[in-house]
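In structure tokens below, several structures.
Common to both upcoming complexes is subunit A, partnered first by subunit B, then by subunit C.
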Partner chain A sequence: MADMAGSYWRCARCDEALTARKTVFTYLGHSFTHETLRCPKCGRVLIPPELARGKMAEVEEQLEDK
Partner chain B sequence: MSMKLEDALAFTAGCFNGEPASCSYACPFHLDIRAFLEKAGKGKWTSAYKALESAVAFPLTVSLLCDAPCERYCQRLQLGDEPIAMTMIETAVIRYTGSKRARRYVIPPKEGRVAVVGAGAAGLSCALWLARKRISVTVFEREPGYGGTLRRHPRFTEIAEDIRLQFEAADAGFCFDREIKALGELEDYDAVYIATGAGGEHFGLLDGWDGDAFASGVDGVFLGGELTGVSAIGGMARGGEAARNIEAFLQVGRVAPLHGGYDKNGCERYVSHDGAARARRVAPSSPEGYTEDEARREAGRCLQCDCDRCMTSCEMLRAFRKRPHKIATEVYTDQNANPPYSSHTLTREAYSCNMCGYCKSVCPEGVDIGALLRLSRAERMNAGTEPAALHDFWLREMDFNSGEAALCAPPVGARTCEYVFFPGCQLGASNPEHVRGAYGMLRSGGADAGIYLGCCGAPAWWAGDDRRFMANMAAIRGNWEDLGKPVFVFACATCAGIFEAFAPDIAGVSLYEMLNDREIAGSAGAITRAAVFDPCSARARDGMRDAVRGLLGRSGVQTVELRETGRCCGYGGQMRVANPKLFDEIVTSRASMSDEPYIVYCANCREVFVSSGKRCAHALDVALGLEPQERVPSIGDKRKNTLALKGEFMASNLRVKPERAERAWDGLTLVIDGGLREDMDRRLISEDDIREAIFHAEESGDVFVDGEGTRMCSMVKPVLTYWARYRRVSRDAYEVLDAYYHRMRFESGTRDF
Partner chain C sequence: MKTNKIRGREARADAPGNLSGNKRRTGVEAVYGTVSVCPVCLKRVDAAIVGRDGGYFMEKTCDEHGFFSTVVWRGDDPPFEGWGEIKSAAPDSRPALGCPGACGLCAGHLQKTCCALVEVTHRCNLRCPVCFADSGVARVSARLSVETLYARFRKLAAAGSTFVQLSGGEPTTRDDLPEIVAAAKRAGCEYVQLNSNGIRLGAEPEYTRALAEAGLDFVFMQFDGVRDDIYERLRGRPLFDIKRAAIDACAEQYLGVTLVPTIAPGINDGDIGAILEFGFRRSPAVRGVHFQPISYFGRYPGAPGDGGRITLPEIMRAIDSQTGGKVKISDLLPSACDHPRCGFHGDFAVLPNNTLLKLTKKGKAASSSCCDDAHLRNRKFVARRWKRAPAGAEEDTAVGADDYRDMDGFLARVKSHGFTITCMAFQDAYNLDLERLRRCSLHVFDGRRTVPFCARYITARRMP
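This part shows the complex of A and B:
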């Protein structure tokens, strides 16, 4: 989805453009970091659908089997 | 208290997969005849020869001497066939093996010296086994060469060559022309094995001989072979066992009987070969024996007796290819895995099971792998290590059905009743007409029947959430008592099974039996000929199965029987999230069991088949004269149906106006196109969750915007995090462009930037 890739997503609350930043993820006792779009001010994270359905789903499945 | 390994193994105690076949029990050498014949059947002569050599020590000698007791136990006899011609196959294997050079293993020499008295069959065998283990061994023989009674065999030249070949790769000393007259001559040795043949010298030790450990009354002196009354082949066969006992004595300095490695004396359980094709024994075309092709064909007649019924019958077990005992072991280890240092090796399999009991129904010993895997789920749930996302949807649905949507009401104006109709959570959700119509039929037939909308607890049971399950059952019991302990009328065989198992004192009857007893005749509608697809939970419910057929027949439906019944449609165990690919495979396989449309009597079967495109009606469509629905309602519509039914019954039975606590987001209108709605249903995302997410986001302002009017928001629920991409259409109306979730959690906020 082309419209998801750009950095023109803004945090409506802070009125800031999102930027790629490190985010800590946790699942079933495992934790790791990955860069995602975040609001530079409040830190809120945006997970685009292709990430949720793709890489994240893949890692979730691996961790369930771990 | 967590599970012990024995708790898990108890589930598969009856399983005899992997046990030796009856022929191997009969074989004095306990040769793995199945494996040997499998290799021979493929023409793998060398590999078959190695298998023979490692079991019998002297392959050619044994093939000449053995009278093949295995043949008397060959399961070909079950079919009326001649047994596998084992001796002729052995001969062929020896003949067609290129190099028969024995293997020499590089292992360090062991301490202790052993003297073997007598170089006959038993002595040679024991000496070879000891030498193979690098134990220093010297054989004393009063004759000028080895063989003992074997020297009188007409083919002794070949036997001698066989013996020479084996000792080529194992260091043993031979002292021929040396008769031992007193044990004192062997004082330098740590152990002595006396195998002097029938009537041979036993130094007065035969009386106190212990046949299990081969031990005599004198420490370190062992006796075996024809001296002790066995045949030459018997003495040879037990040579390995004698060597193991001697080795143990050398290690620990005392005698401890070690058995041959089998924990049973004979085969106790046989695989039935009903339906297996008969095959005549291959006759050799020459007096020399089999040609290569003949030997292959004869070995190929082996039935490879080993029970794998469950593993070949169930798609799930087939997909994971684990044997029952291994599954039991892994149920234990999986539960004791500590992330991130160890692996859950069973998780996917445990959560992929339909728990339909089919494995148990095909197992000759009734081993229930589903029950074992449910134990795994329950143990994980107890320990808090369950992959919650795999059952979250159904547990939330169960909470809804047992909570907000539940209703237990006697007939209007009454406080108690004789019967209570328990349609199960999905019947009304899927098609409220079925519940309305069936209840109406019960009432109009004069039954003093109340209505109980709720959930039997199957989702909690399948998820391994025993606490939630028991709480649900306790609530049901309370309501049942309040209603004056009526008989439950079940429309769902799963509910009936749950009640039977966990509330056996609550009497139950199936709706179909009640309708059939009243000789209700419905109308066939568009489906006049159909295959009856019995739900797996009705496998042992003949009354229910017959009643449905009676009802259909009376209503003018010509019914066809499937070649196999009681298979799970795919829904059971709620494994769809854990293994969507396997779920699809099972559904496709079930849907194609017949080209005829199906008539089912489980709302879940109906939903699964209709969603897969299979033409399918519910038996209640026929009983009530309804046209079968061609679509399954969305998740949101199912909840609406359930609540609407509750409202209707509150009004009709309790005479109270349904009051529903309005939630703040109920007023929000969502526009969702057909493709996305299908995707959401497939991924089990309810419209209501998305509505709630958008509502909170818009209220709080926690929204992402892209400058072109597209908005994004998320909502964190206890197990899943939901996301919506959407557009505002008007005040309180939004068009949803995408909806998805993930299972991981992330740390929001400014920490960890």
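This part shows the complex of A and C:
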């Protein structure tokens, strides 16, 4: 992910620089992959607000039943 | 099925319906009591839903016209009593005494309007042997002006009923239908749906374009099968090529089409899988299939026997078996916006190899609700699926959309090729159950009263 390549984010716990990795999200029994910044040591993931309010919210909306 | 036992789930002293008549009948399980009408005089009568002979039946007796029994559910897959959760109404809540004869929504009604149907004409360019509205070529129509209709749309929009279906008769018999569509949009209707047989849409693509330009959102198209003999029997003439032309004309304008088959035993109940496969192949122009088991109101040839009926579970089993398990019963959920036994729905996306991405997950359905926002959720759901993405959007979002586990690929495909399989089992004078009726969210608005669809069109049996 181009905008993540030069990320200045570091893991608060491990102080490692976050790297872009494919992450699996699960919602309502469906699994999705998306590239996010992750700590290479502890595996914690950074979910930026634009992803939470953007694509993740869209997926949620599409899967919401009537 | 358990037998010879009164379960009496709703057989309280204050409950509608009289179950006592079934207590001593061997092999009969009374499930609940309700209120219905006599199919001959439409007078209110107590009714019981009873289990027997591998199915469930409505039984009722009119003092004047005698005993009536009508099948309402055949078989146990899915099970009658396990199909959907019904939230209880208030303990003292009963259908109003005037229900359904003096209907206009009242305090006894438990659901708000999801879709408001507005009749724009009584004329039709077909003369189908079965027609809920008893429309016809020669029928004189009180032709409502665009201004009058605009006032109705304004009333609806002001009340929050912003999903309008233009119905009739056949709305496309009106040359000024594009103006009516524009009036509905101008009045604040968010979604305008056209209920049509499609004949004029295919024959006059410029008329279809005018409707799209006026703001029409999607089309509910009568579509009973993929063979002409089906149309000859149900509609009186061959129409398959005409239906295809109508879908093409709508596709040209990016108007989403939902196919609406009336399913009649012995005519097209063996074609349910073929209708679905046709729909899948025409995705994204076709946005879904909405099955309607044949019901008997308006114009119909004669008093229906049980052989003339196909019930909700039979439609579901046919979908499963006739698609070779591509769509399973477990992919379908009870209606949440109406009474669960009024319908079902399944949510899918059609993939390039004509397989399905299944979006509906068992156990995620909301219960049939009263006094909440189910009507708003349903409106949003159907609009999201039935409205087609505008020109260009499908091509753009298809880029890289070959991995549907990828969030971008998933979103692109679901938005462009979403596909619903839905069903609504209308009630007629033979099987009307007021417990179902008062959870109805499809309402007809005549400018003064808002009436549930089945109450609006209920028709007394014509005596020979």
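A few remarks follow.
Convention: the second predicted complex is superposed on the first by the 58 of 66 C-alpha atoms of A that agree within 3 Å, B and C clash if a C-alpha of one lies under 4 Å from a C-alpha of the other, contacts with A are read in each partner's own complex, and residues count from 1 in each chain.
Note that in this section a residue touches a chain if its C-beta (ideal position, glycine included) is under 8 Å from a C-beta of that chain, and two chains touch if they have at least 3 such contacts.
From a predicted model like this one, the values you see are computed outputs, not experimental measurements.
Of the two partner chains placed by the overlay, only subunit B lies in contact with A:A52; subunit C stays clear of it. In the superposition on chain A, contact of A:Q62 is made with subunit C only, not with subunit B.
If you count the residues of subunit A touched by subunit B and by subunit C, you find the higher number for B.
By the touch criterion defined above, A:C11 reaches subunit B but does not reach subunit C. Of the two partner chains placed by superposition, only subunit B is touched by A:G43; subunit C is not. Residues common to the contacts of subunit A with subunit B and with subunit C across the two structures: 25, 28-30, 33, 56, 59, 64-66. Interface residues of subunit A, counted against subunit B in their complex, comprise 3, 6, 8-13, 18, 21-30, 33, 36, 38, 41-47, 49, 52-53, 56-57, 59-60, 64-66. The residues of subunit B lying in touch with subunit A in their complex are 339-340, 343-345, 347-348, 385, 387, 389-390, 701-708, 710-712, 714, 721, 723, 725, 738, 740-753. Of all the residues in subunit C, the ones that touch subunit A in their complex are 333, 336-337, 345, 347, 359-361, 364-366, 374, 377-378, 380-382, 384, 403, 405-408, 410-411, 414-415, 418. Those residues of subunit A that touch subunit C in the complex are listed here as 25, 28-34, 55-56, 58-59, 61-66.
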